[in-house]
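Some structures to go through are shown next.
Each of the two complexes below includes chain A, the first together with chain B, the second together with chain C.
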Partner chain A sequence: MSLEQQNRRAEGDPLLSVDSVDVTFEVADGTIRALRDVSLDVRSGETVGIAGESGSGKSTLALAIVRYLDANGRVDAGSITFDGTDLLSASRGQLRSIRGNRIAHVAQNPATALNPSMRVGAQVREAIELHQDPESTAAADERVYEVLDQVNLPDPEGIARRYPHELSGGQQQRALLAVGLSCNPDLLILDEPTTGLDVTTQAKFLDLVEDLKAEYDAGILLITHNLGVIAQIADRVNILYAGEMLETGPVEDVFTEPANPYTQALLATTPEIATNKDVKPIPGRIPELDRIPDGCIFADRCAFATEECRSGDVGMAAVAEDRAHESRCLHWEEVVANPVVAGERERVERTRGEAIMTVSDLRKYYDEGTFVQNLLGDHEPVRAVDGVSLTIHESEAVGLVGESGCGKSTLGRTLLKLHAVTDGRIEYDGRDIHDLSKQELNEFHSECQIIFQDPEASLNPSKTVRAIVERPLKLFGDRGPEARDDRVVELLDQVNLGADIVDKRPQELSGGQQQRVGIARAFAADPSLIVLDEPVSSLDVSVQASILNLLEDLCTEYGTSYLLISHDLSVIEALCDRVAVMYLGEIIETGATDRIFDPPYHPYTRALLSSIPSLDPHDDRDRIRLDGDVPDARDPPTGCSFHTRCPQKIGEVCETEDPPLDDVGDGHAVSCHLDEAEMSDPLDADITGS
Partner chain B sequence: MATEDATAETDGERLPPIVTALATNRRILVGLALLVPVVVAAILGEAVAPYDPTETHVAQRYAGPGGQFILGTDHLGRDLLSRVILGGRTSLLLGFGATALGLTLGVPIGLLAGYVKGRTDEVLMRVMDIIISVPTLLLGLLILVALPSNIVNVILAIGVVYAPRIARVTRSATLSVSEQEYVLAARARGESNSYILFREILPNVTGPVVVEGSVRVGYAIMIGTALSFLGLGSGPPNPDWGFMIATAREHIYQTPWFLIWPSLALLVTVMATNVIGDGLRDVLDPRVTGERQ
Partner chain C sequence: MNYLYLLKRVAIAGLSVFVVSSVVFGVTTLLPGSAANIVLGTEATEEAVQQVNEDLGLDRPVYVQYLDFVGGVFTGDFGESLISGQPVAEILWPRLLRTLQLAVVAMLISMVVAIPLGIVAAAFRDRAPDFLITSGSYVGLSIPSFVSATLLLLFLTTPPLALFPKGGYVPPREGLVEWFHHLLLPALAMNTVILAYVLRQTRSSMVETLESDYIRTARLKGVAERNVLFKHALRNGLLPTITVLALNFGWMMGSVVIIEQIFAYPGMGEMIVQAIENRDLPLIQAGILVPTIAFITANFAADVIYTMLDPRINLGEE
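Right after this comes the complex of A and B.
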């Protein structure tokens, strides 16, 4: 670091300064103003968060900073300064010496950002050799192992020799971070670093980023849609909406006393675990970037908007006197005085009826191997579902939660006869579903429906909304064409969609609208059981809330039973009466929803709960972090399948005996060798698995 | 999509966006502008040809282009323009007929193999591999030798040989589409296999299939011409591009236009089908469409 640089830092000049930047994209039918008047600063040793829903321009901002915008995009106004260098006028050579060396950009999807045909070590070394000019190969290797170790990858020398596909998702993300860190960057840009990771993996990754910040004294720009992640690790936050910065300030101030209606609405619509929060949807939708309204960008969806808000430019108003906290709102004082807050949830008491679906000791194995392989005895099948028993009653919403790969989707699909059963029984209405007459089978298909995670993939792009929703009516009902038409409109109305979309095709709708069409299709068959496979996890948080509320209303109105599959406990909590927690193909805890969130806990459930980032920046719950990854489902551990990662493992008994699912009161059952007191007692903070 | 909607909605009737996209693609427009006149002229034939293509004008043999005969006359004094207009019939019929047959056979096979997977897929595709290994031109030759000058037999033979190529393309598109959740949703509704294949999957694999088909048309036309070049077409004195090229060979130094006109007609036709194929890929390929949205 030169003396000049040191002086500049001492004076408190920011490391990165983005000042009133406009970014536009030239497209076939005009100009899209993707970012407008965006400013932010990042100082050394500080984590600055950028939060926003999809389409807000977060990634565009990151790419503009490293000058990696697509060819049709350009920075029209403003300046971007990095440690005294004007990045917008920097030459190619200057940029090359900054990118990857002093500014590291860690891309969103590690599976595609890592080169699949290069060993992990070689990818880290590439950056080192390009920028650091190491004295020898040995010195470069030394540095490779050092960074791989710093990102907590076990056995750095072994990992360096592996290819990306041989690592788990969390390990890939760490390897990508290692590439970024390899040259001791001054600024680290993390673009949605934990999207797509399980909560337990996410929690460990966030801990790691915290540790590294201290070690490297780097500035971190963290881009995410997850407000909890920001609350947990950022020092300051910028709220981006449709290309404009609506609020900026220290995390504590913005999260405890938001001064912008959008920030308030965003906080009120984000589900939180065990708070009894009634999430509040944000009305309307994000404006199209090619038709930006005059005045305040959020006015159309804002409860505080007045005539004044709809014309002219709305500038940043200082909320704190030193301008550390600013809000782009004309009425921020009124907004602070009467904040938009989430309501208190009233749990609707649904009377649960008879059992409609009973699963006993269900097993579903994949890749069972050929006859010869089995004869030789060297083949193990993938045990996706391994001895699950579950009962779903009438008018009951059952949640199934677990990390990716635990077999929850397989279980849901097997229940609907989409997969063949390896062993065990599934009874619907008292009859084995593999033993139905043609008539009964048709009835089973009409009674049991499914809603998928990706709303776009679940609707046939070549059909109109009318054809999609009408199909189950045609297949199962006896209505005439006109009656069917009326019913389609009625169903769409129930999912809050207007009749004007019936002739549109799915790709013309937004994600939320697509998911509503999927829900309308499921209800068209008048089902008694719906399997919801991650119904909201691909939607923005503001849309999530309205879909969850809709599902809740429909459940109450039609008396339909749900099996809600999700990795997100807060989604489960919002909708379900009962929860089953799955790990490696087995149910390890089950009980009424509020019982699951209170002690006694299964150690795994406790770890899951403690891994969810809280919206409260002062949150000081137990931090339980699980070591390692989920074991291979081909070769699950003996005894209790969780013993390899369990922070509360007792000893040999866990390795040899599979604990039964024992009732601990009120239908709450836990499969663990610990006694009730041990499962209830608070743990010392910062526990990691053995 | 917004602007497309606006243009499509002008006359009250909403056209699907795909139609607008097809009608505004430059490659498709250029291809059609080249192909349509050739096809229309070949269909109308005698009605548009200025002379009878078999009539010999002995006094005007070897007439150059321009003058009474726009493209000139050949060594027997026959009008070259009329011969070029009618000479495309066999090749075009073979091109479109064989491709149509290939699609009819190949698409269902590909759909089935890609959807059912497993052993059925394995057996079907290995049979396809055997058929694909037959050289198309050789097969056409053999058939024409055994059953002289019967275009229907050639169409049948080439159609059958093309079916596996189309089946392969259909299968690979079906493999990914059949994993889509809307197909799972249809299975969960208990839809019949034929409904799932033809109503849920087929509309979503048309892109690659149509592209493959349009490329096949060009190849089949080439094969048709090659066969008649080798003297196995409808035979003299009937006009035929391939045979015209073959005869023109002998006069190539004295009267090059003998060779130029039929070759140009062939070039334009085959190029037009390929350009249309590229245009269709731009519009229909799911990856390109995805970017466009």
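Right after this comes the complex of A and C.
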């Protein structure tokens, strides 16, 4: 608060310095030690990543830096210094002049982080007027448009007048970034900036951050659970686990030669496309932070742990001599010498059987309008699914991939008769499901199950696990009470859950356990087809791997067919025999999984594949970026629906003629006017568009 | 503003009025006893009864009477009182206006008092001011309006504290101060429950708003707490309160019957009680319909205000 604290930092001193910080939260039944002995530095012009699973304390750290912990939380020890100012003792006034002005915090989930009743421009301008003292309204407006333009929002003046709900998710994220950038901050904190965005949108956002870093010379603190994002844009990385920093160092060193067992396990559990990597789950789960075990926090899940790991304090050991790379591990040398690595995947060859579900020219429109609206001809329905044909065979896993809003979830639900069909046929076991009697429909519902994205929301919170898993057995089976009990235990055992959880309720379980209960429930009906709607996208990457392995085993054991819906190509690759790529309600490419990941590519599939950030920090191949957003499904483009964004558009033919889904060999079909040679360029070919 | 959305709301409001007037017509037509007997007494001659039926149009087929009645509702014509022969509208309007004055004053009091108190409670959540306001509102919630009316009457109109007149009504042209002096006590009596209710609604929706992500964004932008509250939170936090106010306006029109009786206030409520005692059918019909229409109108107004405050509602259909 005094003037001495305001003195400018010497050249080369870090912009932000977090030193041995402890954060605790007082809760009803004790104290949660959310962060312990956390240190990190951020310099100007540097991007520092913080990676870790949920519950590691990443966001808590970010909020501690801007002094925005919940009322029951406080920083117990350590110091946080920003440009010579001690943030922990800063007054309210000082904080107000730093927040938004010199430190910008860009929150996750832009849909809720923007004020719904204020225009986007006003939200950007507010920060400018607070901190920049613009000469006139016009000057402030000028700056608003400038920032909106810098974050690549089209038509800045138009966007400024809009409300947040009138923007797409990617645009909202960029608008929020514009709020952060508006006062030229020295430090930019990005908290999970791309979570919830499609890969194509994420790729563009990361490009943008890279460009802006060059322009603003700001320090960036990037928080994410996605290691690929860190590998692509961070200079240094800090691996956080259960509130402790386990490894820190330059991205190249940490990713190529990780010196901590947790970092290695995290890398081994992260799927990578087209590598045949067999993702390796991390055993055990993150400890509860109200009782911190003595010794190394990761010891219980660590393959290298010895007796000495379980007592005393484990400090940071220097891996590089200048301490640029450090690891909190007693055995780091041994760990570097014998790293935990993911094995090669062995594809289980499943023999696929007869077709069990055949979909032909299926259409599902929403909001079809009233009779009068249609009579006047001014109403277009939302064409969520627009002419899809698909066959699912016995014991086959079919993947359905596409950006959000492409209609993949609607398709999955329509197949199970959860939505009414607008047009087209769905045949199950040779019969149109439209014609089923009540009795047959009941059978159909028992044979075709669904697993949802959010396991917590899909389990009844007032029922016990036993009741949840037993329900389908009662509904569809004819077992007696004791036989049902035995079956419940057996099913739970198959999804690797102990019989001790049968009397628990969903909120007492972790996310991974909840999803296992969801899977057990689906299998209880002894189904022949399961629709999996984003089954792992709300789970941590270490849990994701074990759920995918489980699904794979169950598929082989029961011969059940899957329709796996996901926006994540690596999840699809891990599990599926065949893949269909959807865009704007249509399937634009389909074929065996390995064929999809190899040329020839549909230009859209190529863009999807090339947008996935690689775990290799040295990978700086040219990436394909799609222009604009997915068009409105009420008014899809004429001809090929992808032509408005296609980097390989030929010309008029794309705008006028809808290309058929043509076979290019071995059941691999692509819907594109390009000839096979043009689609066969390798993924990293320089495609600039015509 | 989305005009199609407004048009839809107007249509729905119109339909509601139509349905309610049909129900009221049905119920009152089915009531035992004939209108002629009410007018003439039970000893009337056959010819006299016929004459009255002709005068009142009761000899026409039921559907014609029905259309005539519903048409009348939409044009504000409710027929004539069976007792005094005066047009119902003439009896009704002055009384309706008086009741509306009472309701509007009551409403204003609850807005002016409850909303700021709710905001203060939310801003000082879990601290002394919040504690005080919230527990006070519990007391308010648990006192029915006829109890608070009686208590107010007992303590504030009789010596030693004869601060207010015991009842009655003074038109505003005879002095605004006098007018307000007579209105304040019944308005306060009507208010205790509503005030507490609006206060609690305001507090809880403001608390929820203040915990939202965009409030964090605003604070981390460096916005001062006062502006966080008034610029960012208020507009979003008050939306549910508007609905509550509108719903309560209808509720007030109902509770007014008791309050007007206690304070001898010559409004609608008093009129309805008399009309029922006299079995004055057209007056009863109007007395039921008019508060209902007021209720529908209040909700329509709430919808319109909502669209003005929350830009997302412009999407309409979703």
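In this text, the second predicted complex is superposed on the first by the 668 of 690 C-alpha atoms of A that agree within 3 Å, B and C clash if a C-alpha of one lies under 4 Å from a C-alpha of the other, contacts with A are read in each partner's own complex, and residues count from 1 in each chain.
The criterion applied here is as follows: a contact is a pair of C-beta atoms (placed from the backbone, for glycine too) under 8 Å apart; a residue touches a chain by one contact, two chains touch by 3 or more.
Since the model is a prediction, treat every value here as computed from it, not as a measurement.
In this overlay on chain A, chain B fits alongside chain C without clashing. Residue contacts after overlaying the shared chain place A:Pro116 against chain C, while chain B stays out of touching range. Of the two partner chains, chain C is the only one that A:Ala127 touches; chain B does not reach it.
In the superposed pair of complexes, A:Glu657 makes contact with neither chain B nor chain C. Applying the stated contact rule after C-alpha superposition, one finds that A:Gln507 touches chain B and leaves chain C untouched.
Within the superposed three-chain model, A:Tyr68 lies in touch with chain C and out of touch with chain B [touch as defined at top]. Touch criterion met: A:His445 reaches chain B, while chain C stays clear of it.
In the superposed model, A:Asp454 lies in contact with chain B only, and not with chain C. Once both structures are fitted onto chain A, a short way to say it is that chain B and chain C open up an angle of 30° at chain A, using Cα centres and rounding to the nearest 10. In the superposition on chain A, A:Asp155 makes contact with neither chain B nor chain C.
After superposing the two complexes on chain A, the shortest C-alpha to C-alpha distance between chain B and chain C comes to 5 Å. Once both structures are placed on chain A, no chain A residue is touched by chain B and, in the other complex, by chain C.
Remark: chain A residues 29, 288, 290, 413, 416-418, 441-442, 444-446, 448-450, 452-454, 457-463, 471-472, 475, 503, 505, 507-508, 521, 525 touch chain B in the complex.
Against chain A, in their complex, chain C makes its touches with residues 212-214, 216-224, 231-232, 235-236, 309-312, 315, 317.
Within the complex formed with chain C, the chain A residues making contact are 66, 68, 95-101, 104-105, 107, 109, 112-118, 126-127, 130-131, 163, 165, 176, 179, 367. Within the complex formed with chain A, the chain B residues making contact are 1-3, 5, 14, 16-17, 180-182, 184-185, 187-191, 200, 203-204, 293.
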